[in-house]
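Shared between the two complexes below is subunit A, which has subunit B as its partner in the first and subunit C in the second.
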Partner chain A sequence: MTAVPVPLAARRPRPLISWRVRQLMVGYSYLLPAALCMLATVVVPIGMAMKMSLYNDVLYKPQDYRFIGLGNYVRLAQDAVFWLTLWNSFVWVFGSVVLQFVAGFAAALLLHQAFTGRAVVRMLALLPWIIPGVVVGLIWEWLYQPNYGVINDLLIKAGWLHDRIAWLSSPDLAMAAVVFTNVWRGIPFFAIMLLAGLQAIPGELYEAAHVDGAGVLARFRHITLPLLRPIIVVATATRIIWTFNYADLIFVMTSGGPANATQITSTYTLLQAYANLDFGYAAALSVVLLLVMLAFTAAYLRLTRGVEEVG
Partner chain B sequence: MHERWLLSRRKFLHALVGSGVIAATDLAWWEAPLISPRKAWGAEPVRFQFSVPEPTRITLVTSLVQRFNQSQKDFEVKVEFVPQAQARQKLISAISAGSPPDVCQVWDNWLGQFQAMGAVEDLTSRAKAWKHQQDVQDTAWQTVTVGNQIVSLPLALTLDAIFYRTDRLKEIGLKAPTPDWTWDDFLTIAKAFTKPDMNQYGYGMRGGGTWAVLYPSEFAYANGAEVLNNGKLAINSKEAVEALAWYLDLALKHKVTPPSAATDGFVEIVETFGRGVTSMYQHNSGSVGQQKKNIGAANFATVPLPLGPAKKRATFYFSETLTAFKGSRNKEGAWQFMSFMLDDEPCLMYCKTLGLLPPRKSILSKPEFADDPALSGFVASFPFAIVSPYLVYPGWGGRIDSDGVPLIQQAIVGKISAQQCLDRFAEVLKKEMT
Partner chain C sequence: MMRRRAPADLADRLLRGPVLWSGLATLTAFALGPFIWMLLTSLKSREELYATPLQYLPQHPTFENYVDAWTSPVTPFSRFFLNSLWVCSVTMVATTAVSVLAGYAIARFRFAGRDALLLIFLATQMFPSVLLIAPLLTQWRALGLIDTYQALIYSNFSFTVPFTVWMMVGYFSSIPRDLEESAMIDGCNHFSALCRVVLPLAAPGIAATAIFAFVVSWSELLFAISFTTETDMRTLSAGLLYMVGQYEVQWGPLSAGVIMSTVPVAVLFVFLQRHLIHGLTAGAVKG
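Right after this comes the complex of A and B.
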């Protein structure tokens, strides 16, 4: 019997695009719609704002429209109100976020305990976060109203106040008042985020530490805090960025007043764009705000590098 | 031909009956207007933006728009209600994007900027040929004329007067102010009204919004000051500084204003008067209706602004306008609607319901306005009313909000003097005069 020669399998032609590249392309094709959306709604407007910031673009002076290079930025550097608003922005952001974090952490630790009606309390604790910002602003504006607001009324009835305090009309108190409102609104955000983190920490760790003689503070310092660090970093960074751009409360409660005491850079930008129709200057303010945020985010990520992986 | 494209006799009859029913419904509606919203097929849409500071306006404007839609078949106005705080911003965005509404309710202090942007439609020829042209007050035409062009129709007029509590005056045994009262009379009454321990103050000073600057400016005219004198900026003249200092002393020295004065805007000055916290405030007739509900028509009255040391006074005219835009897609529809709103019945209803003053002389002389005691202070102010001097330069409107208001707030809380306030404001305004 003669052996039938078996034809050798033809060599498979090398594909035009390698398997690895094809895999990459599939991945990118999933990203493409979102990337295009981001390009159209974020990158292009930012580019246009940057271009606009280099022009003298006052809508009611179309005859003066021209390229002025860094003119708007020079004007900005000499604008005392801009520097005031930048300082106010830092007070607004860090005042709000630090207090929100501290109070939110305390609330999370409390809500983590077992007690009757915990589910209801957890739900109620979310309320300030659920209410829209504009409504929160209106409610607190009414509470602070010196002549017929509830806060002054209660303080006077309790005998703790003699003269009515104009919480939102005093340049010394207005910022504290709006920060307090923002803190009230933001506590649930931190409480829920940190509560979720607390629930993910295994109970055995606390039990073992307890057996080893660790007290409450030691367990908090050596177990709770390190294991919550990734959540703390992400939540704080997110909240800082949100608060920097969040102008609803201030806009509703004080419109930046009195005498610019609560004017933050976002509301000042809005004022320049829509009161003075100075879109070139407003664009320069927006670009500076963007740079400040980018610088902050980069610094924050550098400082907390690797923290996310700790848990 | 395919079978499914063939129309059977039965289907044809169904279609015929259906069309008849639709036509009959429309006809029935046409015979009895205002029963239901118009369903006129083929009418060209007219986009109308209307800003809403309070709910009454929604009902009123919806009703007027329905009446217009039912009064003719060519156009259908679609009204878009916008919160007052966002109205200007939304309009500017729409103009910049090349898609403005066909017609918009616009305050005349915005017109200068919009006209300079080249955004508003020149209505001069239409307005001059309009049937009510002669009946509209000259001052009303001035408020909507920018650079010799009529750019809007004045829908309603406002001018400022002083609201005061008649019942409280009787309680404290003071006589009601007469139309020729003076600054001294004003201060005496304000002091008499002020009882801080009872949370009562004489005068609801406004520190928030554009009018925080305009109200003291009106007082300044009573001291012989002017914003512009022969085309030169005179806002920081000696007379203007003295007048502002006197005005600020109401808060700083005499303390006849509530502690919240530095940020009190429209809502607050109206609310505090309505709740009995203040007993006088300065405003236009737009809050008359609200005060009738709050404290009752018998318990308050209005009187012109007091005469100052110069034996002069002024109140600033403003108008709420209907404005069409160059980018409008339906200019004819916009004009038809604008002119309809100034016809006898719509104009009367609009102004009467909102407590505003009609721009047409024949309507202003009707008993609803001429004989209402709550409006007497405004009607008596017509002889010395002037068009707001801040309308002269298009950039001034925005500067009042961005620079003027923070300055006046600083002055109200005593951080800067009247002189510093006006000097700095003059610098800002001067830059916008070029």
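Right after this comes the complex of A and C.
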């Protein structure tokens, strides 16, 4: 480059707003739209829910609208159905997550192997995860259908069943049926997560262990499990929270019936808001949901801190 | 390569052979079986559908269920489909625009409350959406937005924005700063550096995130049933549920509706699964 005569820089007048402040303002202006979205659709509504929970607020009885303090919470503590839904939520979350984890782990181990057509199989196996909840619910409602459902038909053909079973309207079986559906849907989530974890483990570790004479089980126990532990904790915790909050599937399949056999706390909240239009009570229930979730998250954060220290 | 290894033991050979193949076959059959059954159902005529004993394969495959569902005046599936397409597309575009800006700001600017903000975006992903129904319904009623697309689109932000911002922060942090800095030395301001340098580099990730916003909005049910009352305003998820609510369940048209609702997201998933999976697992693997 040839030297171009440059006029000596004159000292620029000091800008009205300093560079640092301008940077900050640009940053904040980029954040503004997202912050407004969150404010309007999450933060304000949560505040409103907390306020609503202190009022007697039934949509079709506006004349009864009044402040009742902790009235909704007292009602909640005395509501046998509420305590039942907490227990049902536990069964629903525990059953779903444990089975999803075990089956998802098996699926991840299978999909991690090298074989021809792996990409296609992997994609097909993950498909249930992307499907809308309503669709999942309806597909399985049809599979469970007592007279024309294929599940009864196959079980009878195999000789494991004599009479047709009304899976979703039997108080003893409905919960197992919806949990099984949720497992079908959730296996891909664990498969994806754990597969990503497996792929991050260096292959040399296995080869070295192999040379040292470690068998399949020993390699699994001493390499795979410890190295996957962080991702197992994260995936399980997010899944527990998600399943606890998830209402769509049960709402579509049984609406919490028969006789509240599948009523979990989130569907019960939905029912109070959507069907009974009892917003005050629904808000109190959702505040409780939120508290349960926060307690769980706090416990989870403590646990992961432990994981980091160990790892 | 194989020769350098110690000889495989029996368990190893079994695991790589029969166990692997039977496991894969079970997995695929379990994942796909229910879809295939629904597809077969949708191709059966009414007589075949309710035949005893059960008829597994349609003898005379017919598309009448699809035509029925699509054109029915009582449950206008074509209308549901267009509603979903519109709500999800607008949600996708708006969410992406908002979260690109926010993600960039969080990844590049240091400011007070940055960590708190990130934590809020993370925490809101864990909130139950049933929590929002009563307050949002009150809010939309007060604003006269019941039975409008706006109400559904705004409500969708509550779950799309936190997630997409979170993903964007990850993408932008992985792009080296030097590139924009040199662009800014060359005379770009922040915004044009973002548009000309950063966005092209982050494009694949942004596209995947956008599609993800589309797919999760496509599945949304609770807001759609709570904030609409007219049949014509229902989205696919709400419309399918509405089809069930009509007198007796018509499994023929319903199964056709189920298949039609599944196909768009399945196609998107096929094209984008690699990106999506990468985006979803990146944070978890790192942590």
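The criterion applied here is as follows: the second predicted complex is superposed on the first by the 270 of 311 C-alpha atoms of A that agree within 3 Å, B and C clash if a C-alpha of one lies under 4 Å from a C-alpha of the other, contacts with A are read in each partner's own complex, and residues count from 1 in each chain.
Assume a residue touches a chain if its C-beta (ideal position, glycine included) is under 8 Å from a C-beta of that chain, and two chains touch if they have at least 3 such contacts.
The structure presented is a predicted model; accordingly, all values stated were derived computationally and were not measured.
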{"item": "Clash-or-fit label for the pair subunit B, subunit C on subunit A", "value": "clash"}
{"item": "Residue contacts on subunit A - larger count, subunit B or subunit C", "value": "C"}
{"item": "Which superposed partner A:Ala298 touches (first subunit B, second subunit C, both, neither)", "value": "neither"}
{"item": "Which superposed partner A:Tyr148 touches (first subunit B, second subunit C, both, neither)", "value": "both"}
{"item": "Subunit B versus subunit C as contact partner of A:Leu70, first or second or both or neither", "value": "neither"}
{"item": "First (subunit B), second (subunit C), both or neither touched by A:Ser255", "value": "first"}
{"item": "First, second, both or neither for A:Leu225, with subunit B first and subunit C second", "value": "neither"}
{"item": "Touched partner set for A:Tyr274, first subunit B, second subunit C, both or neither", "value": "both"}
{"item": "First, second, both or neither for A:Ala196, with subunit B first and subunit C second", "value": "second"}
{"item": "Touching partner for A:Ile131 - first (subunit B), second (subunit C), both, neither", "value": "second"}
{"item": "Residue range of subunit B overlapping subunit C upon superposition on chain A, of 63-71, 81-89 or 315-323", "value": "81-89"}
{"item": "Set intersection of subunit A contacts, subunit C complex versus subunit B complex", "value": "145, 147-148, 270, 274"}
{"item": "List of subunit A residues in touch with subunit C within their complex", "value": "23-24, 26-28, 30-31, 33-35, 37-38, 40-42, 44-46, 48-49, 52, 106-107, 110-111, 113, 115, 121, 123-128, 130-135, 138-140, 142-143, 145, 147-148, 150, 153, 184, 187-188, 192-193, 196-197, 200, 207, 210-211, 213, 215-217, 230-231, 234-235, 238, 241-242, 244-245, 247-248, 251-252, 266-267, 269-270, 273-274, 279, 282-283, 286-287, 289-290, 293, 297, 304"}
{"item": "Sites on subunit B touched by subunit A in the complex", "value": "88-89, 92, 96, 112-114, 116-118, 196, 199, 207-209, 258-265, 268, 271-272, 275, 277, 394-395, 398-399, 401-402, 405-407, 409-410, 412-413, 415"}
{"item": "In the complex, subunit C residues that touch subunit A", "value": "5-6, 9, 11-12, 15-16, 20, 23-24, 27-28, 30-32, 34-35, 37-38, 41, 49-50, 52-54, 56, 97-99, 101-102, 104-106, 108-109, 111, 117, 120-121, 123-124, 126-139, 154-155, 157-158, 161-162, 165, 190-191, 215, 218-219, 221-222, 225-226, 236-237, 240-241, 244, 251, 254-255, 258, 261-262, 265-266, 269-270, 273, 277, 280-281, 284-285, 287"}
{"item": "Contact footprint of subunit B on subunit A as seen in their complex", "value": "58-62, 81, 145-148, 163-166, 168-171, 174, 254-260, 263, 270-272, 274-278"}
